[in-house]
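Chain lettering (A, B, C and D) follows the sequence in which the chains are written, and residue indices restart at 1 in each chain.
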Amino acid sequence: MSAGRPGQPRRLLAEYVGTLLLVTVVVGSGVMAATLAPGDAGLRLLANSVATMLALAVIILILGPVSGAHLNPVVTFADWWLHRRDPDSRTLAEAAGYVGAQMLGAISGAVLANLMFGLPAVSWSATARAAPHLWLGEAVATGGLVLVVFALVRTHRTHYAPAAVGAYIGAAYWFTSSTSFANPAVTVGRSFTDTFAGISPASVPGFLAVQIVGAAAGLGLVAVLYPRPRVVTGGTAAIEPVPLRSRS
Amino acid sequence: MSAGRPGQPRRLLAEYVGTLLLVTVVVGSGVMAATLAPGDAGLRLLANSVATMLALAVIILILGPVSGAHLNPVVTFADWWLHRRDPDSRTLAEAAGYVGAQMLGAISGAVLANLMFGLPAVSWSATARAAPHLWLGEAVATGGLVLVVFALVRTHRTHYAPAAVGAYIGAAYWFTSSTSFANPAVTVGRSFTDTFAGISPASVPGFLAVQIVGAAAGLGLVAVLYPRPRVVTGGTAAIEPVPLRSRS
Amino acid sequence: MSAGRPGQPRRLLAEYVGTLLLVTVVVGSGVMAATLAPGDAGLRLLANSVATMLALAVIILILGPVSGAHLNPVVTFADWWLHRRDPDSRTLAEAAGYVGAQMLGAISGAVLANLMFGLPAVSWSATARAAPHLWLGEAVATGGLVLVVFALVRTHRTHYAPAAVGAYIGAAYWFTSSTSFANPAVTVGRSFTDTFAGISPASVPGFLAVQIVGAAAGLGLVAVLYPRPRVVTGGTAAIEPVPLRSRS
Amino acid sequence: MSAGRPGQPRRLLAEYVGTLLLVTVVVGSGVMAATLAPGDAGLRLLANSVATMLALAVIILILGPVSGAHLNPVVTFADWWLHRRDPDSRTLAEAAGYVGAQMLGAISGAVLANLMFGLPAVSWSATARAAPHLWLGEAVATGGLVLVVFALVRTHRTHYAPAAVGAYIGAAYWFTSSTSFANPAVTVGRSFTDTFAGISPASVPGFLAVQIVGAAAGLGLVAVLYPRPRVVTGGTAAIEPVPLRSRS
């Protein structure tokens, strides 16, 4: 294994650490905001969204060169799907490994945030988030995220991904009715904390389902707006696909 | 049609999707802010402006390579006017197509935001926005936007457009008395929602009129501050114009 | 006059327009914040500082290639002082022209903001800002600004100036007791409006005096931290000075 | 001494000035926020965190080329440790000099902030910050900072350090229970002011201890996620280490 190409164990550690930090930020900043602004729901979401945006950008920046910094099963599976016919694409088994690391990281992040604020390590959230308009919001949130990520991949500008994904999520906290979870691993992790950012376990399956629907719609938009050039036999394609993993 | 040059249908789709997302963000974040901070008008505008700024930057970033990410009839017509004598300039018919896509996108965005927050698909806004000082503010807002966009075009730095246009609009929510609509399509779209960001249909024509006045003033400033070099016959111009469409 | 090098009239117009816009933003966002958050001084300063930061960065970005985007007599005179022995340096008369344009622009900006918000064109501010600790704060604010600007000039990184100067002023609204005017032209302009951002004419001379003291201290720090290489006869200096005007 | 390589006295001055400015910002913006928003703890932390983030980014940007802009004993010692076997690494004595300059700068910054706001030059803080969950938060904050800084060093992208370190600290104010001091010099400096950002002298040793623990954990993560290539005799390493001092 060369020094320049991280092996799968190192990549899995990066996905674990990155998703852990992301959920620690989402949950921790939610607890801090609820403590300092108990009567001001607007300020709570402002603090929660700004902290998440900033940390998410930094996490993608530092872990992108190691694992691609997916931090999100939707991104991992969409990346696998879009590149499944490339010669050196990630296998489905590798993608599944990523998702496992993301899930463990998300749960660990919720536990760490709970402990940092002197709460029990695990307390199931009692916050129900289930209604048709919330599901529509969550589908829009996830579709938009897929569009942002793979628009940058297809236009060879993944160096903008840290700032762009951070900014997108920072806005989506506000413009979607669901406050934009947009990430199955984070959704599961947030059920482990009965605090501002929590989601009750009973509401999780509905969110996961509409995240998948939204991601599929986002992939459809990507295919139409950023088509891959057909590789003519004997010729050279004008635009080469950039696997997300090489984001740096 | 080569893969590297998007055709007109793909461009129109990009303008439609981009303007849709922009209005979804403006209206949606307004509803969220009004719900969470019902008694705090300052915080509402802060959340609304920050969410719009962030999302607008991301939308321009991802759609710039497809259509130029005008998202605004004022920008489309100003771009047509400034480049009308270039050999491969956009025709007036193409510009009109852009505007149609922007209008449809803006209305769709208001409808989507309404639905995401469990409101009727369409409810005409009852918020009157008509007064001489608001019209002055709106003209300043639009003139400033034209100055920012075409200053970057004329100095060959359109890669700054996503951040610069986002930041400009984020500030203009606050420093203009009209909260800076600065966009005829968005103005029309915002009449379809009776929420925080709405504008009553009766106030729309006045806003459109002063946006045109402000845009003309902005174009005048662009012409004086960033003159195009005269092309000497047989020579080479020192500064080549950069059509906005090639922003990337 | 070549197309690539703006002449003095165009530069003066750029300084006039830029300083006008800057004061319009400072005063206008202050009025908007005071209207929307009458009982919340913290939120008022937050909105005022964020709007100023964003607009200042955009103004420097678009006008830098024309005039250097000084927008500030302190920057103009410091630039003149630091480059007074360069072969093609700006003359003192040219610097005085810049300052005149900045002063006129600042006053015009206050008038425009007053009119946009339906106020009398001019109303002298009644806000006294005079106390030793405020003067100390204002000297620190101005010295810091000079340090930031000329650190970037001396290290050949003026492409960071828009973001860095914006961010510095955004922070200095909060960390200095004077809320960081740091600009004689803006200080004069802000005496023309009896609103949130105003300063009474009687307090202006004190602010100007300490701005000069702070600027001198900042120049001293620049000289020590970023010394110019001595040009050895017959040799080549390792670091060439970058006149601020070529910021782009 | 060549013009391009700052000598140790100039570096020490840069560390002194930078840490002074950093603590002036942290303390000063805390006083301003507490004055303007006496009843709103959420808004206070929002203003304090945003001002710190912006100023920290600017300070690192301008002083990075002189001293590396460590501003933090944890960064200085981690940098020494990671590069202790490099041919031209900083010696332990040089690192100790940096720490001395940082400590003096931090104390001076607290004094300057006190004076700018008309307070006694020194007043010991009465704010106790001592509890196991705060210590856990502070260890996480410091470990995360070390991970961010040296991830960028190891991947040769220190030009992102100003924005990334600023954004990280801006988020860490919110997601850690300790509000993220993450800096022994700043911790000591903040004991010299009995204001919003203060920490009682009795709480300082506990914070310093967990900062060291957190930094060690962060270094462990850096070693695993960003391993240095082994230099094969007679060959060339694929990735060369980048000493932090050359951040520019």
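What we mean here is this: a contact is a pair of C-beta atoms (placed from the backbone, for glycine too) under 8 Å apart; a residue touches a chain by one contact, two chains touch by 3 or more.
Predicted model, so just to flag it, every value in this text is computed and none were measured.
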Contact-graph separation of subunit A and subunit C, given in steps at minimum: 2
- prompt: Copies subunit C and subunit D touch; is their interface built from the same residue numbers (over half shared) or different ones?
  reply: different
Subunit B and subunit D, separation of their C-alpha mean positions in angstrom: 41
- prompt: If you average the Cα atoms of subunit B and of subunit C to get two centres, how far apart are those centres in Å?
  reply: 29
In subunit A, residues with contacts to at least two other chains: 40, 43-44, 46, 50
- prompt: Name the touching chain pairs, would you?
  reply: A-B, A-D, B-C, C-D
Field: Residue ranges of subunit C in contact with subunit D within the complex
entry: 40-46, 50, 53, 131-133, 136-137, 140, 144, 147-148, 151-152, 155, 157, 160, 164, 167-168, 170-177, 179, 221, 224-230, 237-239
- prompt: In the complex of these two chains, what residues of subunit A are touching subunit D?
  reply: 2-4, 10, 13-14, 17, 21, 24-25, 28-29, 32-33, 36-37, 40, 43-44, 46-48, 50-52, 54-55, 57-58, 61-63, 65-66, 112-113, 115-118, 248
